[in-house]
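First up is the structure itself, then whatever we jot down about it.
To keep things simple, chains are lettered A, B, C and D as they appear, and every chain counts its residues starting from 1.
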Amino acid sequence: MNTFIQRCLHGGVIAVLAGLAILLARAVLALDPEGRGLADTVSAAIPDSGVLHPLTAVLLNFRGYDTLLEIAVLLVAVLAVWSLEPPVAPCARVLQEPAHRNPVLLVGLGVMVPMIAMTAGYFVWVGAYRPGGAFQGGALLGAIGVMLASTGVLPSSIHRTIRVRLAVAAGFLVFLLVALLTAGGSGTLLTYPKPWAGLVILAIETALALSIGVSLALLFMAAADRATVHREDAP
Amino acid sequence: MTVTIYSMAAIALFVLGLYGLWWQPHLLRKLVSLNIASAGAFLLMVALAFRGGDPDPVPHALVLTGIVISVSATAFAVVLAARRYRETGAVELDDPEERP
Amino acid sequence: MIPDTLIPLAVLLTSFITGIAILLLGEDRVRLRTALNLTGAVLKLVLVMLMLWGVFQGHAYQTRIPFLPGMDLVLRADGMTILFASLSAVLWLLTTIYAIGYLEGAPHRRRFFAYFSFCVTATMGVSLAGNLVTFFLFYEVLTLTTYPLVVHRGTEKSMKAGAVYLAYTLGGSALVLVGMLWLYAIAGPFDFTETGVLGDLFAENRIALTVIFFLLMLGFGVKAALFPFHAWLPAAMVAPAPVSALLHAVAVVKAGAFGMVRVVYDVYGITVCDEEALLPAFMVLAAITILYGSLRALAQDDFKKRLAFSTVSQVSYILLGIAMFGPMGTIGGLVHLVHQGIMKITMFFCAGNVAETLHLHKISELKGVGRRLPLTMGAFTVAALGMIGVPPLAGFISKWHLGLGAIESGHPWILAVLVASSLLNAAYFLPILRTVWFDQPDSPWPAPEGGRRLEASWWLLVPPLATAVLTILVGLLGGSVISPIHWAYLIVGREY
Amino acid sequence: MTGWTLGPEAGLVGFPALGAVVLAITAARGRRLVVGLTLAATLVALVMTLTRLLSVGAYEQDIGGWGAPLGIGWRIDGFAVLMLGLSVAVGIAVSIYSLAYFGDEPGDRRRALFFWPLWFFLWSALHGLFLSRDLFNWYVTLELSGLAAVALIALSGRADALTGSLRYLLLALAASLLYLLGVVVLYSATGSLDLAQVAARLTPGPVALAAILLITAGLVVKSALFPAHFWLPSAHASAPSPVSAVLSALVVKGGFYILARTMTGLWPAAVADGVLLGLGWLGGAAVLWGSLLAIRQQHLKLVIAYSTVAQLGYLFMAFPFWMEGVGEQVASRAWAGAAYQAVSHGLAKAALFLAAGVLIHARGRDDLDALRGLGAHLPVTATAMALAGISLMGIPPGAGFLPKWMMMTAAIQEGRILPIVVLITGGLLAVGYLFRIFRRLLAADDVVLAHPPPRILELAALGLAILSIVTGLSSLPILSLLRIGAPEGFAAYLESVP
């Protein structure tokens, strides 16, 4: 009897999902195949945006408010992950053997980290003209963090220092202050003064990249910590 | 035509992801399923942005925002699930062996 | 002086502010609390008397507060208001005095007196309500504020009684709510108006308005303990004596009865009700309740339970009077609203005194109590004789007018009901009097505590004596301006 | 300087966010000061927004000055400001409460460290949600508030909280994806994310239907409408009490708010009658089912959480009155009723959860029988519960009476009996589950308090409870506020407000 109900439920869910797929497919097929969305509008507004690349213009200027909130999401995720730390912090690391005992790893790090960091900086700067920007740069910085954490260079309890907290929050803080100051200046959030728009965006992007990188690395470390503990505890 | 193929694939991914979210008992599998569904949604956005020849940047920006949100939520969910495992030993949402 | 538009509000505030103040005071601030209680009660009485005089002179007191688009909360004083409000004000003062004595040293007195004040505020609101939605508001507040009083003792038994009480009264309120909603949909927003507001509307919506009438009347009937919705009243007897006194004589049952009065006279209009034959059903229901309540009262040995079933029976006299078309019947019903209150509250004070001083709860235990508590039992005797209808006491006046009304409206069978009911009244009250005065006690009664000369403290004696005197006075001084019967004549003059 | 026209509504989003990030950096240092400044600044921003609204009428703000469809827009009208007012009132009470609630025990101190930034981010996100008129921006605010809410639930660290929050997180994410897809479909069809522009460009057809269904499905899960309510009770009941208050009073309203905005915004061009009717049925079912389950619970906070399930149902019972062919009088009455219900429930439920927190704190347990006799010890809290209860039961003068009255009069004008039956039964069932709490509070048992609660906890709960009664007696100002910029086709009833 129980399995019968389960089967009915299973069938029902599949039917609903199939219906959902058909509904969506029908809607997609009914859309105008030549619909251009806002492509032309964006192109027309690019000269006023302070940057040349449309994606960056949308992210940091036209819909910059979304990005502000999105960075808040990342910050909230970091806070949330920290808040879950068990009362006694685990000392486990991903690699039991610290890197400074392994010369190959150490040299590798010495080469890779500056290179990646430079690439990240380039990405942030180039975002104004071609594909790139804070997210790509931040992701690379995050990769540095992951490398350092995996090799045991960074301790897992790193967030206890105010400098780390500041680095995580910097992107949001800078962005928010710009938003509030522009609100005070122009009556609406995030209306950048025209001649300065490019510079303001670059400043925001730099802070964002830093915070995104640090946040991603910290999220990874928190999850990795947990994963290690998980493995050790498992029977 | 390309748009249609990508769109249909995206819809399929989305629906499969939702199915997995419902059907898979293990929390990590649920999370993977959820990410598959997200991938479907993002793919659909990018695909539809390509309809008019040169791509519409707005959906791309939206996808980027969506990805960051998805990454944040996934990381949090993983840590949450791990913490719960430490507390209760449960790896499934309705784990019958969950310690009270 | 307070302007006319604010007096109704001030009448409410005298007890509402008292309640808040008591709630804020500490549990052990007994003297201050007593002072507050008495000040509030006296102030309210003064204001009500002021209004009484004003209304008599043709003043219009009205407070209007916007509530919803097209719907105001209206507080105002008309003849019926005065009848009910002065009853409540007088009895609140007396009951407060009594409760202070009765609960001396008991726990949770802060909560008790606070909710007591809120309860009176709600009762006053019911009497002052100038339209149905205001009436409903205070009616609901009354239900809720009475609950903590009913369950005041906090025992399992009182909790059960509280649940029964809520189930019945809120069920009744739901009926009223539906009826009110429907009525507003048909008639739009309206105030209570003498001779009714429906007029020609009735002919257009005959079926709907008939159903609404029954919804409203039965809904209010629950609180008036109309058969078959009376079961909560005897159950609520677990409450402390002052609460029972207030519930039975003034607040809850009377609010129900008053609601029925308002519906018949000031919403539908007595003429419409008569022409559309809405009333006979309620006449029969009232008659059944009167006889049923009396019969059940006969079988009770518990003192308070017997009084409770007596209330079930007596309150339906009011409905009986309303349901008879004709000035005399109406006068009988309205005046009984007051008279029953005065007499019944006397009895509950006395029952409370017996329980408080001698810890007796059963009638069979009361042998010879009269010698130990002569003043208390004297008051009880007056009230009981009044209930039975011995002239010239309060009960006689009501019954006389009801009898006249029965003949006037062409329902002579009502006379038979009245006679039967009076006989039953006698059958369950006279044995109590005999036991109390003439039976020998099984063992001598313990002497009053602390060698007091009085049978009980002043706090407990003054209220029943006062109401007993009132029972006599309202009968003897029927012609004076402030007598209830005079007001009933005044109201009837405006309703027909 | 002419350029300095301050946008006060920006402060409603900005100040809590600023407070959050400052507290995230400085941790416990200067917390009281930062919290106090944030509360004061947010309140000032609300007052200024309200003043501006009253002087110029409903107005719009284009963030970044781009304007739709390129930029994101805010719409500040009566409905938005009403919800903002609710949020600020509840937020201030909860914040004051929380300052005392998280005490000096080590676990509490650690919790407080994360509570404040998370809570202020949640607050900020909710304000962003109420202000927005951009479909994708709503997605972002939903995610921000949802993630912060989940983290706040998990803060209590109890096993059931971890389970509850995890279930909530997974469902919320899936629901957001459904909503997001609906938005994508709308954008692809109309080339705009601005609600008004979408409404103007959308034509009925498979695209509109798919979009509405997806958006509705996503938001229904977010706002825990029956039968998608199952995540709510465990999540709301296991969270720390101030968090429960915020969740039940504000967070679930977010989904309803967006749905109400979309439905009224896209109405009548693209809204299918079947969807509206279905929402109404589900709402009615939620009222009955939630109340019945609330009566069966043995734990205080579960009773209150199931009551939320029931009370949310009332919000959705308004939707069928927006169907094709219903007069504007009735539609607007139902719309105003739903908005009023959102406010009245928010105030009363927050008060109830805060009061519950006091009782649980005092006794150290949360089963119903632990409440026996507490009323005598904590009369202020008991009073707060009673006042909030009056509102939830829908008994005048509680605020809960008015929305029910508006919906019932709407129903009777339309000649629909079923909603009336559900509304009245729901009220009676609410009496049933609330008096299970009250009767225990009034019981004569003599109890010893584990911890005498700080006075400020009791006062915060009482403040909200009194506000819920005041709201029940001041309908005209609230309705006339709601009238400012009411959506087209939903103003007739409000026009009659003097």
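We adopt the following convention: a residue touches a chain if its C-beta (ideal position, glycine included) is under 8 Å from a C-beta of that chain, and two chains touch if they have at least 3 such contacts.
If you're wondering where the values come from, they're calculated on a predicted model, not measured in any experiment.
Trainee: Using the touch definition from the top, list the chains contacting both chain A and chain B.
Mentor: Joint contacts, listed by label: D.
Trainee: Quickly list, by label, the chains bordering both chain A and chain C.
Mentor: D
Trainee: Which chains touch each other through the most C-beta pairs?
Mentor: So the pair of chains linked by the most contacts is A-D.
Trainee: Measuring from CA centroids, which chain ends up nearest the centre of the complete protein set?
Mentor: D
Trainee: Indicate the whole-number Å distance between the mean C-alpha point of chain C and the mean C-alpha point of chain D.
Mentor: 43
Trainee: Just curious, how far off is chain D from chain A if you go by their C-alpha centres, in Å?
Mentor: That pair's centroid distance is 29 Å.
Trainee: As a quick test, compute the distance in whole Å between the mean CA positions of chain B and chain C.
Mentor: Here chain B and chain C have centroids separated by 67 Å.
Trainee: Touching two or more other chains, which residues of chain C qualify?
Mentor: Within chain C, no residue touches at least two other chains.
Trainee: Going by the touch rule set out above, which residues of chain B reach two or more other chains?
Mentor: Those would be 14, 18, 44, 48, 51, 58-59, 62, 65, 69, 72-73, 76, 80, 83.
Trainee: By residue number and range, which residues of chain D touch two or more other chains?
Mentor: Answer for chain D, listing residues that touch two or more other chains: 136, 140, 143, 147, 150-151, 154, 181, 187-188.
Trainee: All pairs of touching chains?
Mentor: Final set of chain pairs in contact is A-B, A-D, B-D, C-D.
Trainee: Which residues of chain A touch chain D once you look at their complex with the stated criterion?
Mentor: 23-24, 26-28, 30-32, 35-38, 41-42, 45, 61-66, 69-70, 72-73, 75-77, 79-80, 82-84, 87, 162, 165-166, 168-169, 172-173, 176-177, 179-180, 183-192
Trainee: Using the touch rule from the top, collect the residues of chain C that touch chain D in their complex.
Mentor: These residues of chain C touch chain D: 23, 65-70, 107-108, 110-111, 133, 136-137, 140-141, 144, 147-148, 151-155, 159, 162-163, 166, 170-171, 173-174, 177-178, 181-182, 184-185.
Trainee: For a test of understanding, state which residues of chain B touch chain D in their complex under the given definition.
Mentor: 14, 18, 21, 27, 30-31, 34, 37-38, 41, 44-45, 48, 51, 58-59, 62, 65-66, 69, 72-73, 76-77, 80-81, 83-84, 87-88, 90, 93, 98-100
Trainee: Under the definition above, what is the set of chain A residues touching chain B in their complex?
Mentor: For chain A paired with chain B, touching residues are 10, 13-14, 17-18, 20-21, 24-25, 28-29, 31-39, 42, 54-55, 57-59, 62-63, 66-67, 70-71, 73-74, 76-77, 80-81, 84, 86, 135, 212, 216, 219-220, 222-223, 226-227, 229-230, 233.
Trainee: Chain C touches which residues of chain D in the complex?
Mentor: Going by the criterion above, the answer is residues 373, 375-376, 379, 383, 386, 390, 395-397, 402, 405-406, 408-409, 412-413, 420, 424, 427-428, 431, 435, 438-439, 442-445, 473, 475-476, 479, 493-494, 496-498.
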